[in-house]
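You will see two complexes here that share chain A, one where it goes with chain B and one where it goes with chain C.
Moving on to the complex of A and B:
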């Protein structure tokens, strides 16, 4: 990650915190100073108070959403990595799978949600399927790019020592693909939570998306913002968790 | 679409080209052939395996349904395209500008970039609810949602692209007395362009997502509205019709951006 916008030095961290503090102060000042009604912009303190007073409701909803996002995430990663490995092991499949995956992906993924809701009902299953669909293509593409990046000569060398396809895959291709694969998985974390929430909005028994939609209908905008706050916190911690795992696994980076 | 064209290109590069006909004709023929094969497989698979229409209706049924009420689909298509285009254009411009600003002023980047990152974890539907409230149920509100989904990848890639510029080239241009404006236009932006286009391709599909989701907050025309209405009436044929229209819009827009990329970044190795 050297030279990336996320690389952090102590000064950068200080400035980042300063930026966040400034944002909160401006927000609070704007909302309080101009006496903005809460449907335009509630003050930060009001939102935090809202999170606290509705903690039971929001906690339960977040549990729902996080479960959907996590299971969908696992499924999506398995499908993406599985397909990429299958294509690498059996190159004949490439001509079938690649165009099919591209065609399915040409439709914006949220457009599938009415169909998926009809097929899988409005319980948790439909959200897991949607999340898996939304992620698998990204993970598939980044895994494939990683697996293809292998040095031809390294393969020839391993072959000359009598290594089979499986052992080349396990010892050479997968480790080489790991950085790209994990980067794809990290980017997908935030998306998994967002897709789960979007799908909940169209129909669900619970979850943050459902809470947000109900709050919109009841014009309770403090609750909308509280749910947004919880959703953001959930995505960020998920993102942080995968980023942490990434650094642990890629210890040589 | 991008992968398909690159596949086509790979084959052309390895010498499979039949001599004579121009490239675009061959490509179009290939595309039409692929579509025809897909349609044939779809139609016959549904008949052969007796798939229930709830899961997959026959393609001909869907096309006939579209042909029966073409007005709704055409209007929806145009409306959603307009929202997508406005969101994409403003989002890309904002993304490039903030990317340049963050590149120039390090303190600004360190203060605001983390906030940008956090802003992307706000689920768009929550944001959408607020935007519709702020701007009313207008075309503008949907364009703002599309904008919100679009700008971030463009900012990131502009920044990354600008940072790949070779410092020695900068020093050389400076030694000939180039101003920072000239430096930006002649060296830094052209160097960043391939990276920026990667983000623009991604942004083209994200802006469509924004437009469709934005329409779910209540509207009367648009592909998102068609999807939602079809879902409420459990009309699977209509859902597939709207899906096909969305696919057409998505691939069409992606193809336009990719074509612009080939034109503008003609030197890039990837193309």
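Moving on to the complex of A and C:
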């Protein structure tokens, strides 16, 4: 998958690092040179120092958020892949599931958050459900597109060997669907962290979103930025991890 | 038509067992297939004896692929025709899993290496992987794939990919092998090599082969018998026995007997091509 921004040659990696360093230098220079107050834009060094001094608090919060994002991610992927496979095996279901899934997804997932918080409480369960809801549709659509992309002639060949539907699904359809399925899963990584944080801001006992919300109330903008830094580090490493797995699995691409 | 009558009663030089008139392995009688208003096959009659190598040529769009899909069990012919396999009358669907079919494209799975692609059919049958792999490894040298067992399709040349696909077809040991223009996409040199190689392998394993091609030279060089199909709706126009001795040398293509056979076949095909061309023109005028 050359389309993945993290899947690339050493040169591209060097460029990426160079870009990040430039951004940090400009940011630092701007914040210090213009003596910007920290509620407008704190310097990067200030934020990193904030992360270090609050490492226990941020670490615990990140643990919450990552747990919610990961469990929600796993659930969402299972639901999305499961529905796509079910539709492929029982084509009659397509006319039932596709419109329902589209209707649920025509509204931003955040709109459901009051209901989800009501049903699943303020704890981690509601965040996991929100993340699963937000991801399953993306994974479902990309898996379905992958499963539909299979070559008609390859199916005929399998049938001529006497293969049944399950055998064709396992040996042909699923491997054919993998590139699109994994691309959908990679895109969903970042989304899972975002949805977990947003839901935490709407009501939670902990997590990075909760830390951000509390810090805003206390007008502690260095802490807001610290939490954002930790959150983006978490999502980038999740993204990188799935991207890495994707390249390992799709060795033939 | 004269040629058909003339050759039908002659003994077949290439396969002595055919003279004893064994019951055919595959028999098609009055087979018809229509897709809505389009008739692809109409009253097709053909039979293939055990151990025979039969080639099928015809103008493009003559229903060759429809014929193959029926024999592979992928499509059901219209009611009324008779389909017999190993002496028993059957539906096309009964042939699924009983005929080893090789489509035009190699259709190798990119995530499987050479050996695992070759054993696909065995795996579907339920043979344990280790046993299937051992069987495939033994066959590698004959298919010119020694040392390539761990390679993936994208690392292979077109000729090698085709040999892997053929190996997959051979490993699926069934009474009848169906090859649909297996060398159509290869360059002329590779194709000539593959033809000779296929004859060697066929003579060793003595499988029954039904082979589609649009190349008359290939049809004569390989076949015990050549079936020429008519323009659509397809049926068998001419059944030409190829009484050239085996093993056949590459030079045989310039021998007078070969050229004479080629003339007969080309005339028949040209007549049909003209018909399908004229009917296409007529159709255009009508609309």
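Throughout what follows, the second predicted complex is superposed on the first by the 242 of 253 C-alpha atoms of A that agree within 3 Å, B and C clash if a C-alpha of one lies under 4 Å from a C-alpha of the other, contacts with A are read in each partner's own complex, and residues count from 1 in each chain.
Assume contacts are C-beta pairs under 8 Å (C-beta built on N, C-alpha and C of every residue); 3 or more make two chains touch, one makes a residue touch a chain.
Keep in mind that what you see is a predicted model, and the values were worked out from it rather than measured.
Participant: With chain A superposed, do chain B and chain C clash or fit?
Facilitator: Superposition check on chain A shows chain B and chain C fit without a clash.
Participant: Based on the superposed arrangement, let me know which partner A:162 touches: chain B (first), chain C (second), both, or neither?
Facilitator: Only chain C is touched by A:162; chain B is not.
Participant: Which partner does A:62 reach: the first (chain B), the second (chain C), both, or neither?
Facilitator: The answer is neither, since A:62 touches no partner chain.
Participant: Using the touch criterion from the header, give the chain among chain B and chain C with more contacted residues in chain A.
Facilitator: For chain A, the partner with the higher number of touched residues is B.
Participant: Let me test your reading of the model: by the given contact rule, A:154 touches which partner, first (chain B), second (chain C), both or neither?
Facilitator: A:154 sits against chain C, while chain B stays out of touch.
Participant: Once the structures are superposed on A, label A:175 by its partner contacts, choosing first (chain B), second (chain C), both or neither.
Facilitator: second
Participant: Once both structures sit on top of one another, what is the angle chain B-chain A-chain C taken between CA centres, to the nearest 10 degrees?
Facilitator: 90
Participant: If you stack the two complexes on chain A, which partner ends up touching A:124: first (chain B), second (chain C), both, or neither?
Facilitator: In the superposition, A:124 touches no partner, neither chain B nor chain C.
Participant: Using the touch definition from the top, say if A:185 reaches chain B (first), chain C (second), both or neither.
Facilitator: neither
Participant: Answer with first, second, both or neither: which of chain B and chain C does A:252 touch in the superposed model?
Facilitator: second
Participant: So after superposition, what is the minimum Cα distance from chain B to chain C, given in Å?
Facilitator: Superposed model gives a least chain B-chain C C-alpha distance of 14 Å.
Participant: With the touch criterion stated at the top, can you tell me which chain A residues are shared between the chain B interface and the chain C interface?
Facilitator: Touching chain B in the first complex and chain C in the second, no residue of chain A appears in both lists.
Participant: Using the touch rule from the top, collect the residues of chain A that touch chain B in their complex.
Facilitator: Going through chain A, the ones touching chain B are 3-6, 11-12, 15-16, 18-20, 22-23, 39-40, 95, 98-99, 102-103, 106-112, 114-115, 117-119, 190, 193-194, 197-198, 201-202, 208-209, 212-213, 216, 221, 224, 227-228, 231-232, 235-236, 239.
Participant: Touching chain A in the complex: which residues of chain B?
Facilitator: 1-4, 7, 34, 38, 54-55, 102, 107, 109-115, 117-118, 120-127, 129-130, 133-134, 156, 159-160, 163, 205, 208-209, 212-213, 216, 223-224, 227-228, 230-231, 234, 236, 239-240, 242-243, 246-247, 250-251, 254
Participant: Which chain A residues qualify as touching chain C in the complex?
Facilitator: It is residues 151, 153-154, 156-163, 167, 171-172, 175, 178, 251-252 of chain A that touch chain C.
Participant: Enumerate the contact residues on chain C facing chain A in the complex.
Facilitator: Against chain A, the touching part of chain C is residues 69, 72-74, 96-101, 103, 105, 107, 109-111, 120-121, 123-125, 152-154, 172.
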